[in-house]
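Given below, in the form of structure tokens, are the structures.
Look for chain A in each of the two complexes below; its partner is chain B in the first and chain C in the second.
Here is the complex of A and B:
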């Protein structure tokens, strides 16, 4: 049992640390000083994930661990990879918070506690193999993030963003819950493997065999089950798509991103996204990506996601073009990046490859994971550089605020250029390799049109990313305008340097981390179903109890 | 003998050439801004050292064939991405042109660029790295990385150091070229994925020689060629896709214009030669007449528009459109003379247009206007300037004894005999070049372009240099200073050298051009299969022609 608990280490570190910080914060006389401990906690969790990764463990071990936790959490390498991304993003975001909150007189201990607990929720969501766990994880992270969004209590925008996020988020959570309930109703299972197993069996007509109209009854039941499971799938996808801010579930994104304190925005953009995409990967591939399941299911969701992907890219990019606020631009660009990631998602299942352990689906899933990592370092960097560009009362929000930054603060301007170029996908940054992976997996799976959509959108996106550089290097501030004053702080500098180093290193030598991502999905996504399904087999109820 | 490693590869010469400027460029950013002398000296030393190093490429290059100085190591193994570089006759002179011009441009720019010299130097050096990298890359991923990497420094050079409308021009330049190249990225990825499916080892490979073995069904080949061609045609720029060029040239600082015209545009024509045409001989042969037609249209259109320009720099910019039409025509014509002429003319255009931009920059620095009507009679106040200007003009319009003559003559005679008649894709002629093609028509149009070129250039010379000095502001103009002379003299020497002894240069171009044509034809024979339903893999012998006897003999004799 002891070594089974070990698998929980990243979550345990964050949870225990979060409670400790709560106490520390309650007893310490002055506010503040929690930024570095929070970052250390996150980095410790990241280190724990790495250690668990290198410790390895057989499939048996992982399955036993999963069973020990009631089949709610998977401890495979996908989880560890996502845990690493989450912890890395959370740690960098809290380092940013240290500088930002102090500068903007918002320094309060709650921020770090909330952030830590939100990370815990993210890790739970990323590892969840049970719909209940998905919901718990989602709510845990949401509560934290709602509060973080509204953290600038004196700012109406912050309040507005938080309220919007909260109301719409509750609605999305309800959708997800409703979808889960439908699946439970049909299958009697909440765990993904059980649901998958039950759905892949044809409707059991033994009880009424021989009676008049039994065949028709079973056929109708089968149809109803297929249709309802599609409905459930759509609802679950909607709930998760809300968290990643895909069009058409993106309405909250710009307001929440703009209103939230910038470190919280960075956190939302990368960490929450990583967790929600992880859950999506598991739910969709784990439940609906089953080749032996009904054809309508296997064929259904890639089409849906393709639409979400194209819409997210296009709408996100087009609206981003029209923004005058950089923060809002980054919000919309994060919508479009969600679209790029979804484009890789579309090709993940290609049912036959998943079943045969082939490489195309895995390559795509690895592309998703790698993109999440790449996006994390680039985006945290971009928000960090934006923080560095402004002081309290003289923040850098709009493009105009950035005018002449290349002269006022060359380092911040260079960093921001570097990160937006990575977001735009220019070589030799990591953004290029991440985007290349998406394109490659789309082409490989025969979705060349989707690859074209991705590259055309990159070209659209380039325009607003370039605008940032245009403002910083090629324009002088308007006379008399309030200038954003750049700030410096050790935490900020450290974050920027660390992110820039990772953006460059991962861009020049992506081999190792791409292999990690590949390994993560190789060992995970496919076999998730096997072990717990066997364990829960006796409990598997006959399908469609409601029809009795 | 494997022609990829035809020559011994001593050391890491190409890696030094690629990476030295980039490292130096990043290093410059950490030098103190307060001591511009140090910055300049450092930049010049790096540039000159780089030039000296690049001359080593010439060792053993006469009559040599195949890639030399090859380096081939793994970069991202699981993706089949390698660091594979090599130089041959198609790229050799482009690299030397790059290394020759960069220190020159830097030195000349120090006169006009006063603010932010540090950033300017860094951008120029990084740009040089990216350009050399793109010229030598034999791995398509590597090539694409360098290809895109070029955009950022040039964007900054135009956008930060350019004229009044610089932001518009810089953004237009960046987005135009980026939008073109992303289609190439998809095409590359498509080829890589296809290679993986077909190759028995099921590995990814971005290697030039691996991808060369791919054959595609007709429409796929056309689509892929189209993706490559659009990307390169924008860079060249070819006729209807040229609209970014006048803006970029007009707004860029003199040094930026020089590098842009002299080297960056050549990457488009080089891309056609190196990648688009050999990869897709069937498609490129099929649409060849169209491309040649566009090239001729570009020659005439560029000349006609240049003729009507009032802005001196725009005139030179449009003359670039016209001159690059010649290069494209020579490449599409694919006869040994025309293709050799095209490679040589790439260098020639780099020298003469680079010099022209420099000369325009000289009067712009003095008068802050480039309006042709503002000038007149300058030959009296600036005699040295007039001498150089007329020499460069002669080169630009292709007068004998200048380099322009050699290049244009080779291209026109070469395309005269070219087989540019539209041939149905799957019906192959018996053998030999066809002399009933439309070659003479294209050659005639191009020759007309030479005439037009003489008209607009001479008219500009007449407006600027002859006649009375009507404008009092022109009376006290200073003649060329030492800095400008140092820039112009090497260029003029090269212009005359190529004009008088072209064989010094063509002897290292011709063998590889011949090899290029042989390989193209070899692969074209192999892929011209009626209705191949799926992509297929060609064997080595389908794409690698046997070395010609005379080439081998020449090599041995040497």
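Here is the complex of A and C:
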């Protein structure tokens, strides 16, 4: 039992650290100075995730860990991978916050407490194998992020973004809850494996066998259950798609991203997204599974996600073209990046090769994880460079503000160009390989039209990403225009260098990190890309949650 | 029909209690939606909630019944009343001017939801946990929360804390933070700016004042 508790370590580090920071903040005389401790906490959690990863343990051990905690959270490699991404993103975002909040006179200790607890919620969500846990995690991170969005209380824009995010987010959470309640009503289970098992069994008519109209009754039951499980699936997809901001649930994204303090925007863009995509992976594949194997009709979710993916890519990119604010452009581009990730999702449950171990589906799930890692380092860097390009009263907001930055402050301009190139998917950077993996798995699975959509949209995206560089290097500012003045701060520089190093390292050794992602998917207790019965997941919890 | 697992009232006394509180719940709900005065609506809601709690108790779900009273009657309705009182006359809604069309839509919606509920109760076999004598009692719920459910139970603590910290962060951010030197009225700079400063000639402030001019 003692070493089973170890699996909780990343969550425990963040929780205890968060409470400690609340106390420190309450008793210290001057505000501020919590940025580095917060980052350290996150990096410690990331190190704990890495240590648990390299500690290994067989699939049996992991399954035992899950049973010990009654199947609320999965402590498998997928969780550890996501925990690492979450902790890394959170740590880098809090380093950014240290520079940004001080420069913009927003330094208040609550920011870091909120950030830390939101990361805790993200980890709960990423590991959740029970709908109750999914909801708790989702609410924890959402409440934190709503408050972070509205942190700049004196700015009307920040308030507008926070209010929109809060109202729409509550609605989305209610949808998710409704879907979960329907599933519970039909199956009597809240744990994913139990729901899956109950849904794949035909309706049991034994109790009334022989009575008059029994067959009819059972037939009605079956129909009702199939229909209602579709409804529940749509509601759960909608609730989670809201959190990742995919079209048509994207209305809040530009306002919230623009209104939030930039480090909070970076946090929302990477960490929240990683957690929500992780939950999606587990819930959709884990409950509704592959379209052919499951008795329920709700296995049709890949088709639904394909629509969301194409819409997100197209709408996100097209609106991003028309933006004059760089921050809004990055917001819309993050919508389209969500679309690319969803494109890989569509492939995860490939039906016909499910029986054979599901290597294509696993490849797609690994592509999702790899994309999340790649996107985290590139996006933190991009927002960090945007912070670096402006100081209080002279922020870099619009493209015009960036005009001539290449001459005035080559370092900031270089950083912004580098990360924007990674977001655009240029070869030496990691962005290229993230997209390449998505396209490859789509083609392998026979979804060439989806692959084509990704390629076309990457080309559209290239236009507005390059526009940033054109502005910085090839235009001069209009006379008298307010220009952004770059700021300088050791924490910011450190973050930018670290992100750039990771973007390059991931880009130069993509296969290595992709293999890690693949291992994460393969050594997963809860069915991620393979049905519970699949050959390489023998421990996949036929017994785990039934204890409840 | 498969037997519903939440058993129907078995004794006469249980039946009497059920009928009484069920009727009360319906009356309370009607009072909530039909009353024009918001306070009366709130009272109707209160009656409805208390009647529901009694029904839960009647079914043996003690914990749910108590929680229903504590949270809904004790906190939610009281909050409603507070808001109504704070709003004062503004809380009274003006005469509803919507025509027959909207009323028809509303009636159709009510009929639809009612039909769905009827259908569900009549035909849909819900997967319900086995009902035992102890199901839903304090004892069982408590031991579930602290044994099987300990992980989410503890982690919900984080959810509650983050909500409080978030509210605090937003409320406190109302005024932009000023540097500490600005805020502190006894700082050297502040003292130097004041005409009536008694120790204007003190070396520290004199130096500062020179520097400023």
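The definition used in the following text is that the second predicted complex is superposed on the first by the 508 of 548 C-alpha atoms of A that agree within 3 Å, B and C clash if a C-alpha of one lies under 4 Å from a C-alpha of the other, contacts with A are read in each partner's own complex, and residues count from 1 in each chain.
Going forward, contacts are C-beta pairs under 8 Å (C-beta built on N, C-alpha and C of every residue); 3 or more make two chains touch, one makes a residue touch a chain.
Being a predicted model, the structure only gives us computed values, none of them experimental.
Chemist: Report for A:70: first if it touches chain B alone, second if chain C alone, otherwise both or neither.
Modeler: Once the two structures are laid over each other on A, A:70 reaches chain C alone.
Chemist: Tell me which partner A:30 touches in the superposition: chain B (first), chain C (second), both or neither.
Modeler: second
Chemist: More residues of chain A are touched by which partner: chain B or chain C?
Modeler: Ranking chain B and chain C by residues of chain A touched puts C first.
Chemist: Which holds for A:186: it touches chain B only (first), chain C only (second), both, or neither?
Modeler: Second partner only.
Chemist: Applying the document's definition of touch, where does A:150 land relative to chain B and chain C: first, second, both, or neither?
Modeler: In the superposed model, A:150 contacts chain C only, not chain B.
Chemist: Taking the superposition as given, does A:391 touch the first partner, chain B, the second, chain C, both, or neither?
Modeler: Neither partner.
Chemist: Can A:408 be said to touch chain B (first), chain C (second), both, or neither?
Modeler: neither
Chemist: Same chain A residues contacting chain B and chain C, which ones?
Modeler: No residue of chain A touches both chain B and chain C.
Chemist: State the interface residues of chain B toward chain A in the complex, per the touch definition above.
Modeler: Touching chain A from chain B are residues 75-79, 141, 144-145, 148-149, 151-152, 155-156, 159-160, 166-167, 170-171, 174-175, 178-179, 182-183, 185-186, 189-190, 192-193, 196.
Chemist: For chain C, which residues count as touching chain A in their complex?
Modeler: So the residues of chain C in touch with chain A come to 1-3, 123-129, 148-149, 151-152, 155-156, 158-159, 161-163, 165-170, 172-180.
Chemist: For the complex, which residues does chain A have touching chain C?
Modeler: Residues of chain A touching chain C: 11, 15, 18-19, 22, 30-31, 69-70, 72-73, 105-108, 110-111, 113-114, 117-118, 120-121, 124, 130, 132-133, 136-137, 139-140, 143-144, 146-147, 150-154, 162, 184-189, 198, 203, 207-208, 217, 220-221, 224, 547-548.
Chemist: With touch defined as at the start, can you tell me which chain A residues reach chain B in the complex?
Modeler: Chain A residues touching chain B: 406, 421, 426-428, 432, 436, 439-440, 443-444, 448, 451-452, 455-456, 458-459, 462-463, 466-467, 469-470, 473-475, 509-511, 514-515, 518.
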